Structure formats: C-alpha cells, structure tokens
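Just below is one structure, and these are the notes that go with it.
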Amino acid sequence: MDQGAAAREILPEATSPQTAAPPAGDPLLPVTLGELQELQASFAKDRDWDQFHSPRNLLLALVGEVGELSELFQWRGEVPRGLPGWTPPEREHLGEELADVLLYLVRLADVCGVDLGRAALRKLEKNAQKYPVDACRGSSQKYTAYQEAEAEGSKS
Amino acid sequence: MDQGAAAREILPEATSPQTAAPPAGDPLLPVTLGELQELQASFAKDRDWDQFHSPRNLLLALVGEVGELSELFQWRGEVPRGLPGWTPPEREHLGEELADVLLYLVRLADVCGVDLGRAALRKLEKNAQKYPVDACRGSSQKYTAYQEAEAEGSKS
Amino acid sequence: MDQGAAAREILPEATSPQTAAPPAGDPLLPVTLGELQELQASFAKDRDWDQFHSPRNLLLALVGEVGELSELFQWRGEVPRGLPGWTPPEREHLGEELADVLLYLVRLADVCGVDLGRAALRKLEKNAQKYPVDACRGSSQKYTAYQEAEAEGSKS
Amino acid sequence: MDQGAAAREILPEATSPQTAAPPAGDPLLPVTLGELQELQASFAKDRDWDQFHSPRNLLLALVGEVGELSELFQWRGEVPRGLPGWTPPEREHLGEELADVLLYLVRLADVCGVDLGRAALRKLEKNAQKYPVDACRGSSQKYTAYQEAEAEGSKS
C-alpha cells in the first residue's frame, strides 16, 4: 500500500484538511514515531529514493528545514505562546515546517539505526536525574542555573 | 508523578540502560508524540520553567541541538547507512543528540498549539500527492527531478 | 610564517587581549576577507588538515558553530541592540562564536572557489535593486512587505 | 549615497555581472568586514529597517540562510573541493547563499557591538596556540586528535 494511503488511514475521517491545529481541547492524534518511520521508509522505497537517503544527506536536509522553520519567526520580535495574531495560513505553514523537521529527523534516526522514541524517553529520564525538581524550583538562581546547567549539558 | 518516573514506566524493564539501539531486529518502542509532549510539559511545570519556554527561546535551543548533532558528523566525510565503525559510545551520543532535537521540536509544537503527529501525517499525504510513484521511480532524471522537486517544495 | 604569528602582526599592538570589543568609538580593524582566507589556508596546510576540509565537512562544522552561537541567545527572551546587561565574559564569548562562524564560512567559500567579498558586494547591489528605497521607506505596509519580499527573496 | 551605488563603486568595472567566481588566478577583491558593515548599516537606515534588526531577529535570519546554503549540498553525497561538475548557475547560487550568511553575520556583529574582524584575528591566534603545528602534523592520531580537539574546543 502506498504510504499516502496509509497516512490517510491513520488520519481520522473528521480531520479538517485545512489545518494542523485540531479544535481547541481536542486530544492529540496518537501517532507513534515508529508509524512515521515506517511510512517514510515505504515512501522512499516506492520511489527508489533510498539511494539519496544517506545520513549526511538527510542531516543537511534537516538543517534546510530548520532554516525554513526559523524564517517563520525571523522578523517578528518576541512571539508569545499560542501565537496570538497569527493567521490560519501562517499556522498551517508552521505545522508544515515543524512536520518537515520531524520527518527528516525520524528518517535520519532510521538510517542510523537509532530507536528515536526509546532515545527520547531515556533522555527525559536522564534530564530528570540531572535537574532534580527541588534543586531547580523556586530558586532565585533559577534562570542562571538553568542556563549553566544547559551549557554544561551541551558538553555531555 | 514526576516525569522521570513516568518515562521509566514507559521504558520496558528489559531496556538496556547503556544504549538507544535495541538488539537488531527488535521492534521499535511504541512511543507517541503526545506522550513525549505530556512528559515534557510536566517536566517544565514541575521546575517552574514554563517561563523560559517561549517559541523563539525553544527554536533557538532547537538550533543549538541541531548544531550538536551536526558536530557528530562534521569531520567524517561521507557516512554510510548503519554507521559502520561507530563505537557504542558514539552511537549512544548520537541517540542523545537526536533525542534533544526531537524533544525541543515537540515542546515548540506544543507551545505553538500545533498537533505535531497530525501535521506529520498530513505532510506525508501531501508529499505522496506531490511526488507520484510512477513519475518518480525508474527515471534517469530521478536525481535532478528530486532536487528540483525539493527546491520547489521548499518554496511552498 | 605561522598564521598565528601572522594574525598577531595584523592585530595592532594596543589591542586588549581580553576583548573583541574595541573602546567605544574606535574604528573597526580593517581586516579583509582575503586576509582571513589566507591565514586559514596556511593554518590548515601547516597542520596537514586540508584533508579534512571538504565542502560538506566545513558546512557541517559551520552549522555546529551557528548552534553554539544560538545557545548564547536561547533562554534570554528578546535581546536589545548593544546587549545591555551582558557581562564582559559573555561579550567575549559572543565574539568568539561569531568569529567561529565567520572562519568556517570563509574557509568553505575558499574550498568552493568563491570570492566571498566579491559575492557579498554583488548581493548588496542586487538587494538594493530589489528593495528600492522609495518603495520600502515610510510605508505602513513596511513590515508585511519586508516579510513578503524576504520570503520571495528566499526562493530566488 | 545609496549603498547600492557604493557597492558598485567598490566593485571593479571589469567584474563580470554573471559570476561570483573571478577568472582563475585572479586575486580576491580586497573587501574589509568594516566596509560590508557600513554598507549594510546604510542599507537598513535608508529603508527604515533598523527596527527589524534586533539581535535575535538577525540570528534567526542567519539560521534561515544557513538552511538555504545547506539545501545546495543536501542530495549530492560527498562534494569534492572546487565543486567539479557544478554548473555556472549553481556556482552563482552558491555565491549568493554564502553572501547572505556573511551579510547577516556582519549585521548581527554590528548590532551586538562586536568588531568581527578583530574577533576573527584573535580567534585565529587562539587556535594557533591551541593546536601547535608540531603536535598536530604528521601524527597517525591526527584525525582522532583533531576531532577530540574540536569537541573540546566546542565547549570553551
């Protein structure tokens, strides 16, 4: 089965074709990273594009998509959470760029033999040990500590 | 419940603590994007870090992680699929950097109100319509066509 | 002559070794892109590192440095021009990260056979034709027009 | 004087308008970072665009341009130095993307109060001290040492 059809099967019938944002309060669609990985693998295989999907090719494609994502935020100054004032087409565009980054990331993990979902859970667990709640919360040093912790973390 | 504990509950008991790569042939852990989103939201809330998680802060953090991911590939020349010759610590490090990119991406989508899994499925469906199998496969113009299609796609 | 010595010769005697920021009002040091290119070429040659300086290796190294640059800005919210409140070590660190991006960019242009200074002047001239002063200045549509123009420009 | 005219004045009469690559063997055009900074400052001032040129806006614009640069290299596999097989329009496009990255980098340094040329010379000098020629050249451990040194350097 083509992966386009497969994607349509996972998408619920009621999904609005116009937007990546469900009605407020709607639960997220339960999409696993493995499903995305399989859909992309069959997409590439069907088109004989595996030959282009080397790790560094995919990494540079990912960087390209991160660039497009950044362009959506570049001239706006600070943007509040929830993106007040963004039009539906702007939100739709944002959803597409976020999706592009995700799809290349999933594909890159696949060709590198990394179980991305497992890696994410393990990183969350590691982060929880590194930043204990009691040490981080309510401290006046929070911002600085967070920055330093992040800087430190970036070296590990 | 702390999200570290929650992450441990989702991780199967048998998971090796040393590696993001499951034994070859093992199925991927079925992790949904929504689970990751919830774990991260509670992580930030528990530490009173929501104040730092504005869209552009998260986007720049994502760019930082993409930079760290790139550093793993920067002096290696072309890297074959499956990463032959990479040591277990190098693979582990790669899993962590891929995870970091994913986690900031999921968090960014969350604070922007985008259902990332839904957006990814919709993008896959759109890509399938844009690159029909018959038009793309087996053509001697494949590489060029793919590049042009991608370039075109980057403008949409 | 080693390029470290060469760099010291170009740097004026009076340069403070502690900071990339000259005393306010001081003129910029007149450094050409060609000088940087030559210094880096000899740096690589002296160490037999040319073998690592392929275009895609350098590009990924550049992406890594852009990531480090982004980390300096990631948790700060909006940062005003002139960086009020940044400490001298933070400013020094910023100067180093900006320099790292520049140095890899200059090296990448070199191994690709592009005269970066010439390319920059030509791009400035092209931009001046694309965004005429009269059409851009003082319009209430400025912000939107600028965004659209940029979006358009990103496709060219 | 408009900065477009200024750019034209710096560009020599004989410059081919079609290419960023001078005839082989031609010396580089002697363009200083300060000249580029001044041309861009007047470009922004003439259009009343200084209001958009905050540090983080410019940084995200830089990330966007790095993404466009990456797209030129993304599906090619390893690319040899000198870019054999690239067409003149492809080389021209590359020159433009390299220029875009440079121009935003120069502008970002300007609004942050960093003398970019001075910072680059100081970084080169620092690198020369960090990687002494004798310790780096001709060692069979070169590749590994370089990687480790770079990884270490990325933390400083």
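Going by the order they are written in, the chains are A, B, C and D; count residues from 1 in each one.
The criterion applied here is as follows: a contact is a pair of C-beta atoms (placed from the backbone, for glycine too) under 8 Å apart; a residue touches a chain by one contact, two chains touch by 3 or more.
The structure presented is a predicted model; accordingly, all values stated were derived computationally and were not measured.
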**Complete:** Ordered by label, the neighbours common to chain A and chain B are C, D
**Prompt:** Which one of C-D, A-D or A-C makes the same contacts as A-B, at least in over half of the residue pairs?
**Reply:** C-D
**Message:** When I count C-beta pairs in contact, which pair ends up with more: C-D or B-C?
**Reply:** C-D
**Fill in**
Per the C-alpha centroid definition, the whole-Å distance linking chain B and chain C comes out as 29
**Prompt:** Where the CA atoms of chain C average out and where those of chain D average out, how many Å apart are those spots?
**Reply:** 6
**Complete:** Touching two or more other chains in chain A are residues 52, 54, 56, 59-61, 63-64, 66, 68, 70-71, 73-78, 143, 146, 150, 154
**Asked** What is the shape of the graph in which nodes denote protein chains and edges denote touching chain pairs (line, ring, star, complete, other)?
**Response** complete
**Request:** Write out the stretch or stretches of chain D touching chain B in their complex.
**Result:** 56, 59-60, 63, 71, 74-75, 77-78, 143, 146-147, 150-151, 154
**Message:** Quick check: in the complex, which residue numbers of chain A touch chain D?
**Reply:** 52, 54, 56-57, 60-61, 63-68, 70-71, 73-77, 154-155
**Message:** Can you tell me which positions in chain C touch chain D when the two form their complex?
**Reply:** 2-5, 7-8, 10-11, 15, 17, 20-22, 26-34, 36-37, 39-40, 43, 46-49, 52-56, 59, 61-64, 66, 68-70, 73, 76, 78-83, 91, 94-96, 98-103, 105, 108-109, 111-129, 131, 133, 136-138, 142-143, 146, 150, 154, 156
